[in-house]
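Order of writing sets the chain letters: A, B, C and D. Residues in each chain are counted from 1.
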Amino acid sequence: MPLIDETARGVFVISVTPFLPGGGVDFDSLDRVTDFYLERGATGLTILGMMGEAPKLTQGEAREISARVIARAGACPVVVGVSAPGLAAVAELSAAVMDLGAAGVMIAPPSSLRTDAQIHGYFTQAVGAAGAGVPVVLQDYPLATGVQIDAAVIGRIVEDLPQIVMLKHEDWPGLAKITALRRAEAAGRRRISILCGNGGLFLPEEMARGADGAMTGFAYPEMLAEVVARAAAGEMDRAQDIFDAYLPLVRYEQQQGAGLAVRKYVLARRGAIAHASLRSPGAPLPPEAVAEVERLIARQERRLKELG
Amino acid sequence: MPLIDETARGVFVISVTPFLPGGGVDFDSLDRVTDFYLERGATGLTILGMMGEAPKLTQGEAREISARVIARAGACPVVVGVSAPGLAAVAELSAAVMDLGAAGVMIAPPSSLRTDAQIHGYFTQAVGAAGAGVPVVLQDYPLATGVQIDAAVIGRIVEDLPQIVMLKHEDWPGLAKITALRRAEAAGRRRISILCGNGGLFLPEEMARGADGAMTGFAYPEMLAEVVARAAAGEMDRAQDIFDAYLPLVRYEQQQGAGLAVRKYVLARRGAIAHASLRSPGAPLPPEAVAEVERLIARQERRLKELG
Amino acid sequence: MPLIDETARGVFVISVTPFLPGGGVDFDSLDRVTDFYLERGATGLTILGMMGEAPKLTQGEAREISARVIARAGACPVVVGVSAPGLAAVAELSAAVMDLGAAGVMIAPPSSLRTDAQIHGYFTQAVGAAGAGVPVVLQDYPLATGVQIDAAVIGRIVEDLPQIVMLKHEDWPGLAKITALRRAEAAGRRRISILCGNGGLFLPEEMARGADGAMTGFAYPEMLAEVVARAAAGEMDRAQDIFDAYLPLVRYEQQQGAGLAVRKYVLARRGAIAHASLRSPGAPLPPEAVAEVERLIARQERRLKELG
Amino acid sequence: MPLIDETARGVFVISVTPFLPGGGVDFDSLDRVTDFYLERGATGLTILGMMGEAPKLTQGEAREISARVIARAGACPVVVGVSAPGLAAVAELSAAVMDLGAAGVMIAPPSSLRTDAQIHGYFTQAVGAAGAGVPVVLQDYPLATGVQIDAAVIGRIVEDLPQIVMLKHEDWPGLAKITALRRAEAAGRRRISILCGNGGLFLPEEMARGADGAMTGFAYPEMLAEVVARAAAGEMDRAQDIFDAYLPLVRYEQQQGAGLAVRKYVLARRGAIAHASLRSPGAPLPPEAVAEVERLIARQERRLKELG
């Protein structure tokens, strides 16, 4: 399978991990949701991220899921999250998934990091642990990790570590960071791929600032694909029209901690997975929220029809 | 001036503090923006909150601003934020602003609090510091304070401290918390007013869950007023139509840390304040962001015209 | 092997994990340091804790180390740390080490927990994941986890979860918490074993407050054993004399983050392990620190000779 | 009154703020404890620090206390803590106390700072707020502020801001930081004064690493003065003998959050202040702790007598 590199663009969907109501991994649904993402415009997939309930999996399950998705995705590149409290676990999981055919690995900084030097030092070691030649995605997600990475520090990491080929950008607010990174590249620094997260909440603006696409999840991945494609084609108004139609639900899914139950509810409703179940701990969507989601979907469908 | 109580409803706009380009408080603009809020449907005002750049003011300025806004607002109730690292400062500022005619004070927990007992203990002391009979708004804003307050703990605080008459609700996700609080009240607990924050990002859902209105800022306060009024009248679809038209900008203003520059830019553009200046430290809106905001406003105006 | 229960007392030494200079686990030294601890008065051992560099191990290594120590320790109970970001990993590791003959497992709360209800809920789930009948040690270490657990919350956990048989107490300051827990037990609550951490820095006072012993590491475990034995025998002055002689070094080892290199240096110097190496990331002791440690050891030996 | 500069050395005692049992400031005791510190070897005083209960004071009280201590201290330099959530308050308090005759101001970073650039930027602004020519002490206390400042960042701050004349060093572990700073100075960087905090817990080692003295509190300031004097004279063994005699109590006072009640208890017992009262919130020493402190003092006195 091809490896990702700094030219990656489009939409890498953060895949959910489907579970059976009893708690086991639902491998049939895993195949189905993989197909679902690819049919709706994903140019890549990312698995075992935070929204993939990765910390709730055993290592054995994590490998089995990786193998299944990579096999199903065929020529479509699959990035695997390998963040772990220690470097030995990073190394072990990275070697395993690259053997299985992953296109690269994604690493977020542990929440204990504070100073610029600590962050730079950690990624130096983590890239070493990922293995020689393995493409690495740097996940910059301060809201979840508590680690703030200055644009200049990302720059030094990019200069010193050629294996870093992509930034999963989900700093918030982070538009100025995209601009700063692209300016430094225009002034001579090696270009990397920037794919944006945060559920796509700022996707039109991020594309206009120079992002190459999205790496995030949303129950309607076709929106991400269309917005990225239109924006890349310079059709910013059409991109924003489509985005706006989905925005009420994007916003609703973006509730920290509660959003995954929303996403799985909609994916199950759309037939992409058999059950909306989260693995414990993780509550199903309460009835009030179901009603809210249904109302947003009905409005969204009307709006899309108007848009044509 | 009348005090707020548990029947408060509508929209208490979180007021910005206008500054002159040189850094001084712009008192003329303060009058103007007060009028602006009242003319666009505010039923109350809240000053010296986090979005009012309160920590950048000297105590003398804080009092002068309070006096000016309270005088200008006339019959409209003004809540004043009195959060401070120590109780002596809370007591001092609370006494001062109540003397000036404030309708109540708002208190957020200091970020060092962790356990339920610490939080309950703090509000017991803080209400004491606010002064006998002074109505107190409990500000529940975990994203900014780092303090998570369980719905059951809010319940015990409400039961034990009759001066707590209102919750400024900006937990995120927080819809389930509103439902939990209203259920406990339905089962017999004293009812309090719940006004919602977070820039209004979940306002339609919050109203449907039982909120009494909003206490937040947005450069178009008329949106907040209309959504609250329509929702209170049961016209949920119309409320949501209006909300959706403004949502792209609501979302854009909701960028933690960067949003205030956006809000002031738009308020200045609308003539509500003379200068978009933030007091140092606080950068003005960069040109890329100005272009993004202008584009969102143009689209918003078109959309509102279509809505009629 | 016998399981631990609420009558456990004495000193459970937190074992280091010895590494070869190249980074591999040094199993010969692991045997040697196990013997070393037992010969110097350990009544139990605790492995795979934070000071055992557990996060730097692969799962395979963690199991191999557990098997080796449990076999070597013979009749001496071995508690194994099984804290992990997710419950599936807790369950997997707990089942594995109990199969190998562990005497119980130790669980610290994940750093995301804040409210009393979250903490209680987590331990309910974690004890379930540990497995039916498995004795569980609750590790209360706010300085490392950021989670503050009120004495009353520990009480509710103890009442609701009979498998919790022991508290590894390292709140700081935490003397009042020991008193509160013992008072609640005197008033009727089920008694649990309390073993204290923090490198023994408050051991004499902790014993006087009602602790049953220590669960911590120090390069001179004979100090821990003697202080606990003397204190248990009511010879508080002798206990304190011995403690005071070692205190300058106890204090020096208690430097957050840097202390483990000190401990391994001294253990290597004493012949308990072959190499002072920490697994990467983890720097060896710099020459200035070596000189300081040597000076403290020389003074300590003089002082112990004077004491007789 | 003379200003502090980079040649400052000796012991700047962090002064307690004495309160009457009813909660008012006890100005008679303030005079008495000022004399007490000076008579026991203080070369300077630092007021309105965290251990001075500064956040519990009103601004009016803070100024009155500053005036009183500065007047009483005469030729002895008094540093005043002016940390505040906003720069306007820093500027206001700094101007006021420098007018009163303070020798300099001390500033700790607000807990929201993370990146190197944020920290450097903050001190640039804060030094500006302190006022032209005002000597500034940078307080580096990660355990309390949550802000970690790399030695290299301190270096850049020192290079860029000549008003920074002193570091209040209480990183923990922080011995390596002193060594790094002194090495950079040996290689040509401007030298600053380094006075150490943390209750003196590592004072002998800090002096050996190149510190100029202590800026901290302890109920027996004569220990700090003697250890610093002996260490400065090269009598390291005598310095350590004296230190060791007090160490059990130093350690006991160093309990985060609880230590101030201990310190005030002992100061009241020694007649330096009339009442051990802390201002609310702040509990008095419980009886178990009183017994522990008395026991430690009795043993300390015996030990000092043996030492001669």
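Keep this in mind: a contact is a pair of C-beta atoms (placed from the backbone, for glycine too) under 8 Å apart; a residue touches a chain by one contact, two chains touch by 3 or more.
Everything numeric in this text was worked out from a predicted model, so none of it was measured.
S.K.: Using the contact definition given at the top, which chains are in touch with both subunit C and subunit D?
M.R.: Intersection of subunit C and subunit D contact lists gives A, B.
S.K.: In terms of residue numbering, is the interface formed by subunit B and subunit C classified as same (over half shared) or different (under half shared)?
M.R.: Counting shared over all numbers used gives more than one half: same.
S.K.: Find the chain most remote from subunit A, comparing centres computed as mean CA coordinates.
M.R.: Centre of mass proxy via C-alpha means gives D as farthest from subunit A.
S.K.: Determine the centre-to-centre distance between subunit B and subunit D, using the mean Cα coordinates as centres, and give it in whole Å.
M.R.: Centre-to-centre distance between subunit B and subunit D: 39 Å.
S.K.: Roughly how many whole angstrom separate the Cα centroids of subunit B and subunit C?
M.R.: Here the centre of subunit C sits 47 Å away from the centre of subunit B.
S.K.: Please work out the Cα centroid separation of subunit A and subunit B, and write it as a whole number of Å.
M.R.: The separation of the two C-alpha centroids amounts to 33 Å.
S.K.: Please name which positions on subunit B make contact with subunit A in the complex.
M.R.: By the definition above, subunit B touches subunit A via 172-173, 175-176, 179, 201-202, 205, 208-209, 240, 244, 247-248, 251-252, 255-259, 286, 288-289, 292, 299.
S.K.: What residues of subunit A sit close enough to touch subunit D in their complex?
M.R.: The touching residues are 114-118, 147-150, 152-153.
S.K.: Would you pull the subunit A residues touching subunit C in the complex into a rising list?
M.R.: Contact set of subunit A toward subunit C: 54-61, 84-89, 91-92, 111, 121-122, 125, 279-281.
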